[in-house]
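The structures come next, written out as structure tokens.
In what follows, chain A forms one complex with chain B and a second complex with chain C.
This part shows the complex of A and B:
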């Protein structure tokens, strides 16, 4: 079978890239996934979309992505509500150090048009009445951040891409990528052979392995991040509440359930996505300390998913100098879902040799060659 | 309805426990769960489905299914099938997902 381009991975990044390429008129686009649509990190994510970042690049990617989400349902002509709710992110500071860092962050965010503000803890309590003021110093708030349903958003891209002629192959694993004369010739899966000169690595948690298929060493690794969900109740919380120091993010989704997660510093670098008692124990203690009222709720379910982590916690949206025609959108470090509209747009521009909407030199894989050049993203749970 | 006669088991008379159900004063017996007492009183609708508001009754009876969630003494989403009846309890039918602000 011939293909203009083979995209590996049907998470949010893969479907967004496929859609954007198809919209620009590219024919014979193939998306291959070893499982089903949004079965990896996308379907396991915390469903939050935010713009309050600590690096300029992440701020720009997030702002433009939110602009897209606001119109996504219309643009993609999707038949369902994608459950986009803009009731903000409230990021709490625990001490003066965080307050000062957030002051810089807000200034940076405002410089690219993100309407975030720094507020006192009393103002924070007006936004989230059940916040425990004894354990926080102050907060920042951005009202246009919010929630988006990962399954519906991915499906919206998928349906739109299919209408434009993109072919999807599920439950099909890429086993080999044949390269000769420094050019990609063929992608071999366990079911098909696709003759192509272009491959996009959008494999999420398995990005490194898909790099290894062509001998490109991508400096990313995967680690398990766990989440839990509670029973639904009537709405009591508008924004997502985050604390980097306390290590928690927690939001009430439109259906009424609370979704919350935290990271585990001692987690190993591998593809494990199991659930642990340790997480349940630490998560509930952290949540009850910061938001005591939700201690009344029962936990319904917990699960894990892979963060694909890059050295500077910023994505790698890049081609490679070693192999023409090999592209990647990897290493999102837990935030691939919220950046997906820009991931798709930027990579499609790069593939078609168009000028990119944002200068993404700093997202190139080559940035890791010089140690000092990278700009580390601190605002990550 | 309660079983009164049984070939093997006996049912000695137990202490009456008075409580209110949606404002009405009613009673069950010592050892009943809230849901069991209501069932014996002929109350078949304990809650309603969240989307379609269809009636939901006594179902799993082991605290797993949420079909018997009610407001008990002001606390929403109480699994009444696994909570023992106590004198003076105020039991109400819940018509929403439960409001934590009411606690």
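This part shows the complex of A and C:
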């Protein structure tokens, strides 16, 4: 079979890239996934979308992506509700150190038009009444941050891409990429062979392995991040509440359930996505300390998913100098869902040799060659 | 039979019509349908609906019911209050 381009991965990144390319008129786009749609990190994520970041690049990617999410339902003409809830993120500071860091972050965010503000703990309590003021110092708040249903947002891109002619192949794993004369010739899966000169690596947790298929060493690794969901109740919490120091994010989704997660510093670098008792134990303690009221909620289920982590916790949206026609959108380090609209737009521009909507030199894979150039993102859970 | 009146998943209020609409739209597997409707992800964790949806997929695609894959069983086996977990250690002593 012939294809103009083969995209590996049908997570939020892959479907957004496919949709953006198709919208720009590219024909014969193929998306291959070894499992079902959103089976990777996308279908396992917290699906929070925030703009309160600590690096300029992340701020810009997030802001433009939120601009898209606000209109996504209409633009993609999706027939179900993508459940976009835009009631902000409340980020609590635990001490002076965090307060001072957040002061800098808010200044940076405001400089690109993100309407975040720094607030006292009493003001925070007005926004989230069940917050335990004894354990926080202050907070920042951005009312245009929010949350979407990750399955439906991915499905919305998928349905729109299909309408534009993109072909999807599920339950089919890319096993080999044939390169000759420094040019990609063929993508071989366990079911098909696609003749193509262009490949996009949007393989999420398996980004490194898909780099290895063409001998390109992508400096990313995967680690398990666990998450849980409670029974649904009437609405009591507007924003996502997060704390970097306490290590928690917690959101009530429109359906009524609370979802919450935290990271584990001792987790190994591998593809494990299992659930542990340790997570449940630590999560419950952190949640009950910060938001005592939700201690009353029953936990319904817990699961895990991969963060694909890059050295500076910013994504790699890039081509490569080693192999023309090989592109990647990987290493999202736990925040690739919220960047997906820009991931798709920027990569499609790069592939079509158009000027990119924002300068993304800092997202190129070559940035890791010079050590002092990296701008480390610290605002991550 | 009025499909709107047949409840398949009581936790998430999913009717037979919700299911057949998705099958008609081209969604084929349990995992896809689960992610769109939340079927099997509610308080009872699929005690009733898993086998019902399995049967619908089996009938629709004319495949043996045992060939219809079902989702992974997730912890916890029963709903437990966060507070009870966070205090569990205390209560043990």
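One rule holds for everything that comes next: the second predicted complex is superposed on the first by the 381 of 381 C-alpha atoms of A that agree within 3 Å, B and C clash if a C-alpha of one lies under 4 Å from a C-alpha of the other, contacts with A are read in each partner's own complex, and residues count from 1 in each chain.
The definition used in the following text is that a contact is a pair of C-beta atoms (placed from the backbone, for glycine too) under 8 Å apart; a residue touches a chain by one contact, two chains touch by 3 or more.
Since we're looking at a predicted model, the values are computed, not measured.
By the touch criterion defined above, A:119 lies against neither chain B nor chain C after alignment on the C-alpha atoms of chain A.
Of the two partners chain B and chain C, it is C that touches the larger number of chain A residues.
In the superposed model, A:233 lies in contact with chain B only, and not with chain C. Once the two complexes are overlaid on the shared chain, A:256 sits against chain B while remaining clear of chain C.
Once the two complexes are overlaid on the shared chain, A:299 sits against chain C while remaining clear of chain B. Legend: residue contacts after superposition of the two complexes on their common chain; A:38 is shown touching chain C, with no touch to chain B.
With both structures placed on the common chain, the touch criterion links A:288 to chain C but leaves chain B unconnected.
In the overlay built on the shared chain, the residue A:323 is in contact with neither chain B nor chain C. In the three-chain superposition model, chain A touches both chain B and chain C at residues 231, 294, 296-298.
Interface residues of chain A, counted against chain C in their complex, comprise 36-39, 43, 80, 151-152, 155, 229-231, 255, 275, 280-281, 283-285, 287-288, 294-303. On chain B, the positions that touch chain A within their shared complex are 50, 66, 75-77, 96-101, 103.
Chain A contributes residues 130, 231-234, 236, 256, 293-294, 296-298 to its touches with chain B in the complex.
Against chain A, in their complex, chain C makes its touches with residues 29, 31-32, 35-36, 38, 41-43, 45, 74-76, 79-83, 85-86, 88-89.
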